[in-house]
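Supplied in structure tokens, the structure appears directly below.
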Amino acid sequence: MEFFVQQIASGMTSGAIYACVALGLVMIYVSTDHINFAQGEMAMFATYLAWAMIDAGVPYWVAFGSTILVAFFSGLLIQRVILKPLETAPVLALVVCFIALLSIFNALAGMIWSFTIKQFPSPFPRIDIFGNGLVSAQQIGVVAVTLVMLAILTVFFRYTTLGLAMRAAAQNATSARLMGVRVSWMLALGWGLASGIGAIAGMLVAPIVFLDPNMMTGILVYGFAGALVGGIANPLGAVAGGFIVGVLENLVGSYIIGNELKLSFALIMVVGVLLLKPAGIFGRVIVRRV
Amino acid sequence: MAALARSWATKPGIGLVASVFWIGLAALPLIGSVWESPSFDYYMFMGQSMLIYAISVLGLNLLIGFNGQISLGHSAFFAVGAYTAAILMNFGGIPYWATLPVAAVVCFGAGFLFGFPALKLEGHYLALATFTLAIAVPQLLKHKSIAGWTGGVGGLLLDKPDPPFGLPLTADQWLYYLCLAVAMVLFWIVFNMLRGRSGRAMMAIRDHAMAAGTMGIDTALYKTATFGISAGITGVAGALSAITIAYVAPDSFTLQLSISFLVGLVVGGIASLPGCMIGGAFIVLVQNSSQSISDWMKDTFSLRYDVPAWAIYGTLLLLLMFFLPNGIAGGLAAIRSRLGRKS
Amino acid sequence: MIRRRTALLSAASLAIAGQARAQKKYAPGVTDTEIKIGQTMPYSGNASAYGVAGRNQAAYFRMINEGGGINGRKINFISLDDGYSPPKTMELARQLVERDQVAFLFYPLGTQTNTAIQKYMNQKKVPHLFLATGASKWGDPKNFPWTMGWQPDYHTECRIFGKHIVANIKDPKIAILRQNDDMGNDYIGGFREGLGAGWEKLVVADATYEVTDPTIDSQILQLKNSGANVFMNITTPKFGAQAIKKVAEIGWKPIHYLVSVAASVGAVMRPAGIENGQGIITAQFAKDVTDPRWATSPDYIEWKAFMDKWNPTANQLEGSNVSSYIVVHALVQVLKQCGDDLSRENIMRQAANIKNLEIPLLLPGIKVNTSPTNFYPIRSEQLARFEGDHWTLFGDLISVEGG
């Protein structure tokens, strides 16, 4: 029984990582209707920038804040410069762009900082919550920050005018424009926010998994699964989905199929959700009219 | 893009151009009899690689360029084809050339099966599902339950075939001809398919799926069948690669491979058959020159580090999306039509 | 008379010329002034951390060239990126051998990658020297006379651990964490051999992981849950660090054995937390450059000077920068032994003719030895325990018969 509880707890902590990443994915999807394959690599790159600052002596919170800002403006810039001209291009062109960004960020990080793992400091104190080393303060911190971000985003999207404008721009650009929404800037803003969230996710995750250029590749897949399971258009759903995926992955790996098939399990989850309930557990179905 | 696909297919003289092209390719190995160079077999090997990639890109192009679906997971079908060939040769004692049709059928089946769930997925979602497939495949290949067949993580070592009937060719020249023959057959099949009713149906689905459905095209059947055929073609390329490299291992079939196919497709030209050949050649050439490109960039821009190959590909992809969205083939066609307009 | 003298003279000059020609024998890629050497390394992709070795060796060859080369010949070192992908390695090996005409391949990295090209190298009769992989199958001169391994192989190393456990720990209950690939499999085979015939009773838990797994926390929990008191940690650097950290965090205190691949102070022990690594046991064949006991030994001083001058951007705490340095010395010795006969046959012959070679930064007492029937250059390791902030050797050198 204790083992079962431990696996659930451990699953919740990896789930928190996935939830964090999933939030960034949802952000992009809600504001631009796209799935950003480069989300993981962008988050990793931002984390390296933070690491470089900390390594150079900058205090942790200053580096943390600056990285979020840099990530925000970079996201904005990427949307304006690279994605905006391709607004009307077919989906394939956009997917190719995301894959291109993925490759570039990964390769650049390896080039500049090498592929050896680096330690990334944690802002949370090194205290043992339950006394048996099961859950560290860092992991609780990840959960807490994720929930805080979730709350902020939910409030933002549902109760602020700007949030409403962003949702409108994503779902129906033409109508939104007619209502006076500056659609392109909404998309850029969405990207900026998503990059910022990604940076936070990266900086929270790195103390646990160690910083290296391939840090996010595995996580991204589970993050996708989490976002889909919970509902990719829904921040709350994505976070819930992340936790569900984390716990399930651990339980299934420990009890049912063994650790060697975890990725296949993620694949089955992704395909399964897409087939059976593409809007996710918490999502609402959108009917497309001709 | 639809217009592009139709125009070159119906142009007069296309048969002549194609024949000249293929005959030219077939003549290349004969240069080896005249030009005594120790590297000639290596160039034959490179030719095999280019043809194999061209066939893979052909498969992907059928799905993406001519049917409007998307796949980031064709490395999975390439792997299935390669392992099918390897297992048949290793355990079944089946001659290498006989493994090709089997690989085609097996991969067709795999693609068809994947096509069913793919029916409900569009654009980004399908990209996501196939992305996950590409990442999951290497782990699947290593699983201990099938390690008895697949060789597990160590992979399977195979024997490189010799030319049959005692022909006066080296093994590499023979394999080049094998790849060339397979490429010719597959390109011819696809070409005819596209010119006929199936091709028009496929492209109609690409251009406006809902309208195609109302016109009486069984979109579900065509989409799954296209997925199957596309997978089958790429699977044959995988089988050829198992034969020419004489080794299969899980680490050969990663997401990077799928991305390479995508690069080749985009560079060559979406929905362009000649583009597939260009794309295939491009993948091999650029991968080989990435070191030289990096050195050149280091000198020109006084960089401190080596520029990594994937940064170059990524940048290239972005530039192409902006300036040459129809790839090199599309660019050439545009130049040709502009020249045509002038005269 | 004159004709006979002329005949004698011509015969004599022919003989002398023949002898002179016989004295200088060159493989492709070798001239009076140059030796071309090829290598494949993962400079991109998942295994890129190992590319450090290639860069270090390139720096070393630059230093040699500055000093005039070997027997007057400069080294032209061509190290290409194969991204750890076997088909790519095959392509590059063919390019190096057939197009670039290198004399031989040196220290190509990776097990799957080398497996792909082994048959080819032997068919082409090109020396496939000092492979950078711990797989145990490279010392097979009967079937593959042109391939020679280098480092103590994984199988041997874990056999040492197995034997140590059985000899020193009463009633061991062993938990294993291993990477799900050929390296992991090789290690585990040797470990079981070392434990002896009853190994199934001793191993109470065996968990694997993939390189794509974000964390291995779940596996560590599984292992602790088994009640084991010994932990055999068979991982690569990133996961080794995660494991060390997690084991400490959950308060599990087994006797912790760590494979040498994941024992680098700079790449693993420091990121994992020095305090978490106390008491961990590993096996080494090279000196740990962070161990203060070597700080005054001349080979350390020489190595440090080399790193500072010729490879200043490298991280000196990374083990690869030591292991790559050691093997390149062996190669230089082989080339020196060749003299002017740099045919591929002679290069291979000299590689199989290394007698009691002592190399800087090898542990004292370890000598490199090869013979036509022994293609395992280094066959000894010594156990070390992590104390303070470095590895401290204990016990004696352990020699094992190869394979």
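Worth pointing out:
Going by the order they are written in, the chains are A, B and C; count residues from 1 in each one.
By our rule, contacts are C-beta pairs under 8 Å (C-beta built on N, C-alpha and C of every residue); 3 or more make two chains touch, one makes a residue touch a chain.
These numbers were taken from a predicted model, which means no experiment stands behind them.
The chain pair with more C-beta contacts between its two chains, of A-C and A-B, is A-B.
Using the mean of the Cα atoms as each chain's centre, the chain most removed from chain A is C. In terms of their C-alpha centroids, the spacing between chain B and chain C amounts to 37 Å. Each chain gets a centre from the mean of its Cα atoms; for chain A and chain C, those two points are 39 Å apart. In whole angstrom, the spacing between the mean C-alpha positions of chain A and chain B is 32. The multi-chain contact residues of chain B, meaning those touching 2 or more other chains, are 135, 139, 142, 306, 308-310. Among all residues of chain C, those that touch two or more other chains are 44, 180, 210, 212. Each of the following residues of chain A touches two or more other chains: 107, 110, 217, 221, 260, 262-263.
The residues of chain B lying in touch with chain C in their complex are 38-39, 41-43, 45-46, 49, 135, 139, 142, 152-155, 157, 241, 245-247, 249, 251-252, 254, 256, 287-288, 290-291, 306, 308-310. On the chain B side of its complex with chain A, the touching residues are 64, 70, 72, 117, 120-125, 127-129, 131-133, 135-136, 139-140, 142-144, 210, 259, 262, 266, 270, 305-311, 313-318, 321-322, 325. Listed in rising order, the residues of chain C touching chain A in the complex are 44, 46, 48-49, 51-52, 180, 207-210, 212-215, 217-219, 221-222, 225, 237-238, 241-242, 248-252, 266-268, 270-271, 315, 318. Only residues 34-35, 37, 82, 85-86, 89, 91-93, 95-97, 99-104, 106-108, 110-112, 217, 221, 224-225, 228, 260-264, 266-267, 270-271, 274-275, 278, 290 of chain A touch chain B when the two sit together in their complex. In the complex of the two chains, the chain A residues touching chain C come out as 2-3, 6-7, 10-11, 13-14, 17, 107, 110, 114-119, 128, 132-134, 136, 205, 208-210, 212-215, 217-219, 221-222, 249-250, 253-254, 258-260, 262-263.
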